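What follows is a set of structures to go through.
Across the two complexes that follow, chain A remains constant while its partner is chain B and subsequently chain C.
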Partner chain A sequence: MIRKTRIKRTWLAAAVIASGSLLATALPANAETGVSASEIKLGITLPLTGAASPGYNKIGNAINAYFKYVNDNGGVYGRKVTLIQKNDEYSPQLSIAKTNELILRDKVFALVGPLGTANFTATHKSVGLAKRGVPSLFLNTGFSGFSNKKSYPSSFMILPSYAMEAKIIAQFLKDNHAGKKLGIVYQNDEFGIDGLGAFRAAGTKFDVSIPYTSGTQSAATAQTWVSQLAAGGAQVVVFFGVTSATAPLLAVAAAAKYAPQWILGSVGSDPLTLRALGVPVAVLNGAQTPAGNPSPNDTSDEYVKQFQEINTKYNTGTAFDDYVLQGMNIGLMTVQALRAAGKNLTRKGLVRAMETKGSTFASVAYSPLGFSRTSNVGHTGYYMAVMDANGDRKPFGGKVTLYTTDSGSGPVVVSTFKRPAMPAKGLPSNS
Partner chain B sequence: MESWRKARPAVRKKIAIFVLIGWVLLIIGDRVDELRVYQGAQMAMYTIALASIVLLTGYSGQVSLGNGAMMAVGGYGAALTLNNLGTPIWFAFLMAIVTASLFGALLGAAAARVSGPYLAGTTLALAVGLPAIANQFAFLGGEPGLLFDVGFPPERFGDEFTQYKWFFWIACFIALIAIFVTSNILSSRFGRTWRAIRGNSLAAELCGVHSARMKVLAFTVSSGLAGLAGAVLAMTISLVAPGAYGLALSFALVTGAVLAGISSLPGVVLGAFILVVIPEISVALADRLGDADKLNNYLPGLIVSVLLILSVIFTPNGPGENLRKHRHKKPAH
Partner chain C sequence: MRTFKFKRSLTLVAVSSLLSITVVSIPTAAQANPVCTTASGVTTCLGATSDTAPYMLMTPANFNGTVYLYSHGYRPNVPVPAGIPGYGGYTVTNTPEPAPGGNAQIIGALLAKGYAVMGSGFARQGWNADSAIKTNVELIGVFKKQYPKTTKVVAWGNSLGGFITQALAEKYPDLISAAAPLCMASDLTPLMTMAGDALWGIKTFFDPTIKGGGYSAGTAGYAEAMGDLVKVFTVIGSMQAAIAANPTAPAWPATSTVPAALKAVPSRSALVLIALMSGVPMQSAHFDSTSAPAGLPASNALSFQLAINPALAALENLANAAALAVLATHDVEQQAGGAIFDNTATDYSARVAAEQFIWSSALSGNAGVGALLGYLAAVPRVKGNPAAIAKLATLTTHSGKVEVPTILFTGTADPVTTPGNQQAVIDKYAAYSAEKWAAAKKEGTRKKPANNQLALWNLPPEKYTKFTATGSPDTTPAAATGTNHCNFTVSQYLAIADLLAYAADNGKNMSGGALYTKIRKAGNMTYDRGYEAPRLKYYGG
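On to the complex of A and B.
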């Protein structure tokens, strides 16, 4: 009897504590989540620490630096824009947890630049971004599955899809490396398989094909890749993975004096990050890579020049590289999107503005933007570039030859598109 | 109705209490915001996971640091069933129990030969190694894992019925059944036998108890519970991935069980509550300390470790257990 009373008491106490804590909060009534008279709250999930963080960990601060610059110059219709960064360590389950925090606790208005294919796939499903109508702008992933407007009605890409990238590299291989033995190392998830499928569709046949599982890559693993590539006699090797995997591959290859023509996918080819991860600069010399943006060192470019100035003042001490450039550009495009959505900012209005006006936004990348009522595809093309002994990037053949295509069976064409000019002082005035 | 009348009054009372708790939870789920609903689902998951530790350690006296790994087995079992066979969701949860129980039986057979720190070491190795194995096999989805989609809530619940409320309902329903079944097992012949083995294995054997067999049985039942918790965890994040079942989870569970009182089944609710609250505390702390973006991911682990150390130093059986004993010593009125 005593035991029963005890159990009942404990249950009662536990239930009271549980229900008390759960009832402790109430929903605040808001006109639109994350928007007040003075502030627009945005959120991003990205790896700030962990194996995949080098490079990517700069994007959030770069976006924030641009927002601070805009805020110091009047904000967006008088509202200051703030960005809450959450560290997902490039892990899908953390990404879900952190996105939950952003949406349920921090109550952000929209997500900006969430990073990683597997992460966003899991997050979109788990958190129910589409059902909630939370706009997810400028995804830092090129997975062509995200271009499915029906499944991802409130998400918008910025990068050309991996399928587009692979098609453009396939065309480049055909035009410039015909007859050579080809090898590929790719990340064995949606990211790499997306690219591999497009290579196959384009008729590219690789003599050596090495998939690797997403995650931390050791030098020992890279050694097996290099051995397979060398044994297969690969003269041109395409790498379709993240920078933390490019680094051991190139470092091990350099040590083994294996020097094929490297073609590094756009995701894993940032020179500064590679060098920081211990890759000898000499290995980068001559590596070819598809690129969407100008080189971050090209101060003759109006976008780069403006962003460098902002970086110096608002992101002090951070070296200006591709990631910072990309972050600033996401900031620039986000501000244009917020302005385009009007003073009476709503999530629906932002999605509508992206669909109707998004294709006209100024962006540092050379290729056209594909946003429309039926498409959430961002940039649609690349030019091929060559890295020099300092890791700097120059257009292949001396001038930018822009290729555009789609993620499907459309052809790869040379485009004459001229990107919009940088808004005066880097401050958008669109509406 | 006839069987209800035939049931013993104690069982009838227990069923009534569980139905009442379920009803209260339903009301709570309707009244609180989505974040709390989501945390409620997590709490239900932790409740099941902690019950598996209480059964194994508190009752049969076997120390396991590898419950996170058993949760992984259950999670992957459920996800592979759901994704490959397209079965109803309840069957996926059932398979989580079956898969983890089978695995637990195998492990239990080996574990019955060792005890104390050796058993803890063996299960710790499991907690470290098992989730990482998933990285090596493509059919397990590598580091990104596999999606585990229980689907949207039924349309008849209306548009206002959110996905997280659906998770909360399912998780609470499963937790109530799991705890009901566990409490019955623990108050049955098996529970008494396990306690006898924990008290004095030799004396229990002299009374005719097959100690090794009963230990394997405890491992099997406990693993089944952990596997079920693993599938509920997978549901709440729509994903099974090695990172979700890492060492940190196993340690958090041990801490939760110790704080709740290792042999107290009702205490698991308190333990689960503490585990859900820790990330909240860490967010508040990180905000105060600055550099919240980076600190946030590491503070929960630190808080768990500190709580475990403090608990072991000051209340070796856990504060929950001390409270119970304190109450027990009070003179009866």
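On to the complex of A and C.
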């Protein structure tokens, strides 16, 4: 009996040593969905075709380009990161189906950068992302409702909320356009309403207020907006909608020789996309806009420079604009999140890593990140910028003045926050 | 946005699938013993239970001891005059139905494997769950007496028959070895609330002369209900024509009395709101709430995807749901003795709060839905008859407390018994299992009780709306899988039958690779424990 036990113990000890040495030399084949010894599979839904696709259709390829760059440099703890893109055509119903496909058929580990407020609302509810514990990182929407940690426990934002954006614009209007007649065109859903509520709370009174229903934007509807704005004598017009609506608005206004001071919300203000949609660059000249990131043309910025290099090599032929910059940055932040979650990658571990380490991640945006155990808020501020005659974006007043705030009743303050440096060669080494 | 033409009226594709009847000679009185004939190795017995419900037993010569007891779905308890779309020409029948729709292929396949099949036509049509359960219990006894070598009874049923099947499994685990409630109805109160909300919405927005409930007793009430059917389908028809003529801003029906200001909101948005507030799915037989005709300018295509297609889905589903809503409301009111729908305390804004962002474009944005909800909040509500409502509450409800293996299967876009009905039973079973597990732990048991409920779903394809060469929606193809009421294929029914046989033989449901292979071969059956269907809009409070 004694001998038998001894043999067993020796065998057991040998097995422990053997498995220990295995751990030291190779990654475990995770039991977690979407993670193997050699690969981490991620998914994204976004409009790749259709009226809502301009600009947004670049984000997935930009994320993938960054992942390819990381993969060529060793991946994440040796694992290759891949992104499966699904075209939801900006339709919530299709977004549900495509997300189901990603989770059930493609068996992705997590979602990154899912786009659209209505789409993510639909998906989160119908696919049961929270119940399944599927992490949804860096949502491409600023709807402040997604910052409800209790309702969205495994989701994390990246953009400042629309409410934050409106509060910062409201402050800017007060400081720079006091006494002028104000107009606003806004998307009449949670996107625009989120902003409108914040404007109201900030005491901004618009002399002309024009809601539009998502999906109805066209040259014909823009004609009615411009007529109303002009008839109301709006001297400063805030636009809080998507790029496919900004374009007809600006084009129709230019044709009608109506030239107010435009303040374009961050969602619908990418100059390159607007120009591609037929907006003359001269119309953009002087337009003001809140911005979270540096201009994609600012090669003095270490993030922009690095991302441009990656784009040239891994996303060949794609013009580098705000959407590509945003996509690359989502890639960079995702890799940091995966690294922070450790080698034994699990969905729970990823959520925990976002909560405990997410606020320290390097990101191209100037403002602090709000991630914590009790918050899934991403970036928290903007600076105001102005477009020039080349369609480029420069800080208003010649230098970046960063404003930060929250989605509630907190004040808008000038922040001295210094963003973390870009990791060497754009390759995170965090843990 | 250009206009389009429908090849077919939506109301014509509505509800004929509900009425699939096996034609046999029906005994008219209770019989102590059935009358049997044998042909081609199959013995068919006809008889009637003590409540005069006719039944049919079919048994092969090589009977293996297991019999399938089928419970048919809701059949109206009143005749429907010819000319009324969907149901026109229906006469009340209690013809027995021993398998889904009396389908010969299903019956043949089961008999060929040595199984027997049986089913009652039930003594009373309409909502008859309480009496039908008793009838079925008696029928099991009749069969066992006729075939003493019977070892197992498996129960299955569609719609109301699904309700009856679940109740049998809950109440008579000693009689039933396994059960499959299909496209099941859940408890009557939430079902009738859904019907009431849909009818009240149609009445309030489109035609206030629709009664929508509170029908008189006797023949006067019957005439009122038939009149409502005509009016509801007239509204549906005018909405279809209006959307075809002007998809972006369809006219409100001539019968509508909503204020002129509200008519600035497209009438199609009111349809979407009615569907959402009553819990009718947003995918229908021919409309996927996603597709647009080819060749439209990009902005118009997006508008069609986000706003027009969902409105047509709501319209087509409401055509299905409203017909049964009228007939069932009339039926249940007659049984309960008064009006059963009461929305005096209903907060319709809360009902749609979780979805109004998702369907924002279809609802014409916050301004549109705000105006529509504001109107609903301002108009008078319907007060039910407390005694009738109390009587409704005394009828059988599901507890979810099931010990025998059960297999649930439904379409996630079923407009009549919405998937929330199946989800309700899943939720109840989950609560029961948690309760059992807590009790077991208290007694020191470490083994979690087995999960004896297998929930399967029939999901519609991502895209299935078809368009004609001119870009009009084509409603002539068969309804997409996962849509319409109890829209199952023979392969799916046979897969369910196999799963039932396995469960009866093994005391547990099939699982793992065998299950996946079985449902994959049948097609359009999904097993996903993470899936949760939208809950019923009203449940128990």
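In the analysis below, the second predicted complex is superposed on the first by the 400 of 431 C-alpha atoms of A that agree within 3 Å, B and C clash if a C-alpha of one lies under 4 Å from a C-alpha of the other, contacts with A are read in each partner's own complex, and residues count from 1 in each chain.
Keep this in mind: a residue touches a chain if its C-beta (ideal position, glycine included) is under 8 Å from a C-beta of that chain, and two chains touch if they have at least 3 such contacts.
This is a predicted model, so every value here is computed, not measured.
Asks: Contacts for A:232 in the overlay, against chain B (first) and chain C (second): which applies, first, second, both or neither?
Replies: After superposing on A, A:232 lies clear of both chain B and chain C.
Asks: Pick one for A:85: touches chain B only (first), chain C only (second), both, or neither.
Replies: first
Asks: For chain A, which side has the bigger count of touched residues, chain B or chain C?
Replies: Of chain B and chain C, the partner in contact with more residues of chain A is B.
Asks: Report for A:105: first if it touches chain B alone, second if chain C alone, otherwise both or neither.
Replies: In the superposition, A:105 contacts chain B only.
Asks: Please work out whether A:118 is in contact with chain B alone, chain C alone, both, or neither, and reply first, second, both or neither.
Replies: So A:118 meets both chain B and chain C here.
Asks: Go through the superposed model and pick first if A:218 touches only chain B, second if only chain C, both, or neither.
Replies: The second partner, chain C, only.
Asks: On the A-aligned overlay, A:193 touches which partner chain: chain B = first, chain C = second, or both, or neither?
Replies: second
Asks: Considering only the touch criterion stated at the top, classify A:342 as touching first (chain B), second (chain C), both, or neither.
Replies: So A:342 meets neither chain B nor chain C here.
Asks: In the superposed arrangement, does A:244 touch chain B (first), chain C (second), both or neither?
Replies: second
Asks: Give one of first, second, both or neither to describe whether A:94 is in contact with chain B, with chain C, with both, or with none.
Replies: In the superposed model, A:94 contacts both chain B and chain C.
Asks: Is there a shared patch on chain A that both chain B and chain C touch, and which residues make it up?
Replies: The answer is residues 89, 91-94, 97, 100, 104, 118, 121-122, 125-126, 128, 131, 188-189, 213-215 of chain A.
Asks: State the interface residues of chain B toward chain A in the complex, per the touch definition above.
Replies: 10, 17, 21, 24, 28, 31-36, 38-40, 43, 135-136, 138, 142-145, 147, 149, 152, 162-163, 237-239, 241, 243-244, 264, 266-267, 269-270, 273, 277, 283, 293-294, 296-297, 324, 327-328, 332
Asks: Across the complex, what residues on chain C touch chain A?
Replies: Residue positions touching the partner: 248, 282-283, 288-290, 297-303, 305-307, 310, 354, 357-361, 364-368, 459, 462-463, 528, 530-532, 534.
Asks: If we count contacts the way the header does, which residues on chain A are in touch with chain C in the complex?
Replies: Against chain C, the touching part of chain A is residues 50-52, 89-94, 97-98, 100, 103-104, 117-118, 121-122, 125-126, 128, 131-132, 187-190, 192-193, 211-218, 244.
Asks: Enumerate the contact residues on chain A facing chain B in the complex.
Replies: 2, 4, 6-8, 10-11, 13-15, 17-19, 21-23, 25-27, 48-49, 60, 85-87, 89, 91-94, 96-97, 100-101, 104-105, 118-119, 121-122, 125-126, 128, 131, 188-189, 213-215
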